[in-house]
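As written, the chains take the letters A, B and C, and residue 1 is the first residue of each chain.
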Amino acid sequence: MALDPTVRIGDGALVRRLLIGAVVAVSVLVVVMPIAVVVVRAFSAGVGAYLANLAHPDTLHAIGLTVVTALVAVPVNTAFGIAAAWAITKFTFPGRKLLLVVIELPFSISPIVAGVALLFVYGLQGLLGPFLRDHDIAIMFALPGIILASMFVTAPFVARELIPLMQSQGTDLEEAATSLGASGLRTFLTVTLPGVRWALLYGIVLCNARVMGEFGAVSVVSGNIRGQTNTLPLHIELLYQDYNAVGAFAAASVLTLIALFTLIAKVALEGRGAGRVPRAAKTAPAAAPAGEPAA
Amino acid sequence: MFKAASLGFEDYWRIVSAPRAVASYRVTVVAAAVATAFNIVFGFALAWVLVRYEFPGRKLIDALVDLPFALPTAVAGIALTTLFADNGWYGAVLAPLGIHVAFTPLGIMVAMAFTSLPFIVRTVQPVLEDLDPALEEAALSLGAGEPRTFAKVLLPLLAPALLAGSSLAFARSLGEFGAVIFIAGNQPYETEITALLAFIRLEEFDYEAAAAIASVILIAAFAMLAVTNALQARGLRYLDKG
Amino acid sequence: MKIRLDAVSKTFDTTRAVNGVSLEVASGELVALLGPSGSGKTTLLRMVAGLAFPDAGRILFGDVDATDIPIRDRRVGFVFQHYALFPHMRVADNIAFGMRAARDKRPEAEIVRRAEELLALMQLDGLGGRFPAQLSGGQRQRVALARALAVDPRVLLLDEPFGALDANVRRELRRWLREVHERLGITTLFVTHDQEEALDLADRVVILDRGRIEQVGAPREVCRDPASAFVMTFLGDTHRLPATVTGGVALVAGRARQPAAGVADGPATAFVRPGDLAWRGAGAADGGEGVPARIVRVLDRPGTRRLVVRTDDGDELEIDAGPDAEVAAGDVGTVGIVRARIFRL
């Protein structure tokens, strides 16, 4: 049946134009301009200065530290996210609701609090302090601490992308697969994962962006030593406070680029079933994997 | 993660209720409230426009809504500060009008509004999308005008999502650190947020005080989380269309 | 309130959803718009309601041209297929909604009283305090109807009102809707794809196909004298047999003669229903007009035995042979054609 367009309120030409105009204007002012400012300021001393700023040893070290942190934190959080999402959506078990809350937790608490908490567990005077000192392991004010802090704060991201999607997909496909004789692992690899691959990819991209951009929690645990324990966001702060605005923006431009890339990835992947589960796509992801596993 | 409370209750209370700490609560809460209020209006309008209208650039704006989410808070911090400083692009326009944003509580509100915007938009969008259009047609067929239909039919159905989104936004604003400290000016009693106070105590190696103050933030966050969950559950009750 | 449609058309993108429909509905009549998916019946209904606007033609309520009047001002009552009850309001508030929104609002006490009257009329006494989610499908639909009636509509419009309900509930509500209609006498237009429903309920049936009216008439008319092959096949089981027409008489399957007034000479198709055929066992007299055939299967139904037969020419037919027919698969005999309609396709 041809879809008759429905009648809705707010469709009047005047209301519509007013709303669209106002919203777009404010959006541009609020969201677009900050990006513009970063770019303009970064290059305000010329391209040469921009490149020189990026090539500065401290900056390079900060970039390196950030990348290493991401290389460890993201895969760990991905594995955690997949495992948690899988457990939550495919099974019921006591404490399931609690796990859901725990996953949401790092999302809503202040990064400072997270940093302080970690300090109190792993710092010299913390719970595990004496133990670590005896074994000569430095966690706080060193790389491991930074990685831990970043991991904690960004733990939910992969899980949050997967859970709604997996929930709406239900367990039908997995039940079909196991009834056909597939083992748990095989079912997981060939049925469950492919069904969420785009959402997974987006979760990873997002997690990465947040790991690289984490500021508050890492501030607390890193000790802020220039050239040694500064991640890129911290380095930006340092440069800015040294009144080296151009340098700060140059470094910021790298992170902004990553953020923009994250957004582009989202748009590209959303069309394939990542991100919010839009109404039309609710049935599509369930249909797609059905064609894949070997019957 | 729970920290061992190595303080006696009296010490805890002393630290937590010190004038400077209390001033920081005031600054933080007021700014978060204003930022959230702004976002309720703007975020709702944004969600409405994105879901119900077609216009060139809609997809672009939809994607950009997530920018505050994906952009590192430090970058947001320096960008907003530069924009709103008296000699910045916006500041230059506002300063002659007597409105100073950078290094004032207003700046804190701007930073908080920026970082918590996506929460409200993304919570309201799915609910708006799933609204049965027949409900509006029914209201109109019964003789209701657009304002009444909006107020009596749509808003009550959207309220739970809106409320949940705003508590998320509020919680996020309460804890926001990176974006705020650049633009705030960080004057104690005036523009110092609670998170910063905790951080300063840490740098002074006054770990007990830091823990105490951090615990205040934590408790507030838990409270908000509980509120959000309760509201979500209530909202779902109405959406059973049978 | 009588309704008149004058050559109404509506196009969506490239499809003509409604193509030049003209119709007159008398005041107080109950008319069914019947047709398959895509026939334009819902679009037509929505145009009468003011939820859609025609690209050509006019719609008149009484003597007033209502074509461009939006739904809010048309004073129609619309009942949606999925009820569209406001989930966050109680039943009584749902019913009272239109009354409270009225420009000339009644006093609150009267609104409440009238809502209760309507609840009683719908046989839903005492359910005013419940939420829609707590009611059954049938109850919800009755609330939707009460809500629509509360605003004193001049015309009542129902969009597949029972489509979302079980068969039993549907039948019950059908009977009850007819009663309500007789009680209140409001001009009513309803859309359905269920022919049994249309024939049961309506004073007149409008059969639509691809945006055009195929036939308008009382249920008896459309059943006995279908105007086209489409109408015949849409209403009830039909089978086809080849036929040749000469001078107003058709020779069906080379054997039986049937009247074919008004059909041009040449090849045509005969349409028959299971009840229009008779089975005559081998050896029974058939006047030479029986079509030889063999029983393939016997389907037992509660009121009759239905025979699936194959003619010697290869056509498969179904015949209703009554509950006492002593027949079995494999029997050979002839099929008598009692009645057939001839159409040239």
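Note that in this section a contact is a pair of C-beta atoms (placed from the backbone, for glycine too) under 8 Å apart; a residue touches a chain by one contact, two chains touch by 3 or more.
Only a predicted model underlies this, so the values are computations on that prediction, with no experimental measurement involved.
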**Request:** Could you tell me the least number of steps, going only between chains that touch, from subunit A to subunit B?
**Result:** 1
**Request:** Taking each chain's centre as the mean of its C-alpha atoms, give the chain farthest from subunit B.
**Result:** C
**Item:** Most contacted chain pair (by C-beta pair count)
**Value:** A-B
**Request:** Determine the centre-to-centre distance between subunit A and subunit B, using the mean Cα coordinates as centres, and give it in whole Å.
**Result:** 19
**Prompt:** How many Å are there between the centre of subunit B and the centre of subunit C, using C-alpha atoms for each centre?
**Reply:** 55
**Touching two or more other chains - residues of subunit A** = 6-7
**Item:** Touching two or more other chains - residues of subunit B
**Value:** 134, 137, 140
**Complete:** By the touch definition above, subunit C meets two or more other chains at residues 51, 71
**Item:** Residue ranges of subunit B in contact with subunit C within the complex
**Value:** 132, 134-135, 137-145, 148, 152-153, 156-157, 237-242
**Message:** Help me check something: in the complex, which residues belonging to subunit B touch subunit A?
**Reply:** 1-4, 42, 45-46, 48-49, 52-53, 55, 57, 59, 61, 63-68, 70-76, 78-80, 82-83, 88-90, 113-114, 117, 122, 125-126, 129-130, 133-134, 136-137, 140, 146, 149-150, 154, 168, 171-172, 174-178, 182, 195, 198-199, 202, 207, 210-211, 214, 217-218, 221, 224-225, 229
**Asked** Which residues, counting only subunit A, touch subunit B once they are in their complex?
**Response** 6-12, 15-16, 19-20, 22-24, 26-27, 29-35, 37-38, 41, 101, 104-105, 108-114, 116-121, 125, 127, 206, 209-210, 212-216, 219-220, 232-234, 236-237, 240, 245, 248-249, 252, 255-256, 259, 262-264, 266-267, 276-279
**Sites on subunit C touched by subunit B in the complex** = 49, 51, 70-72, 75-78, 80, 82, 84-88, 97-98, 101-103, 132-133, 135, 137, 140, 147-148, 150-151
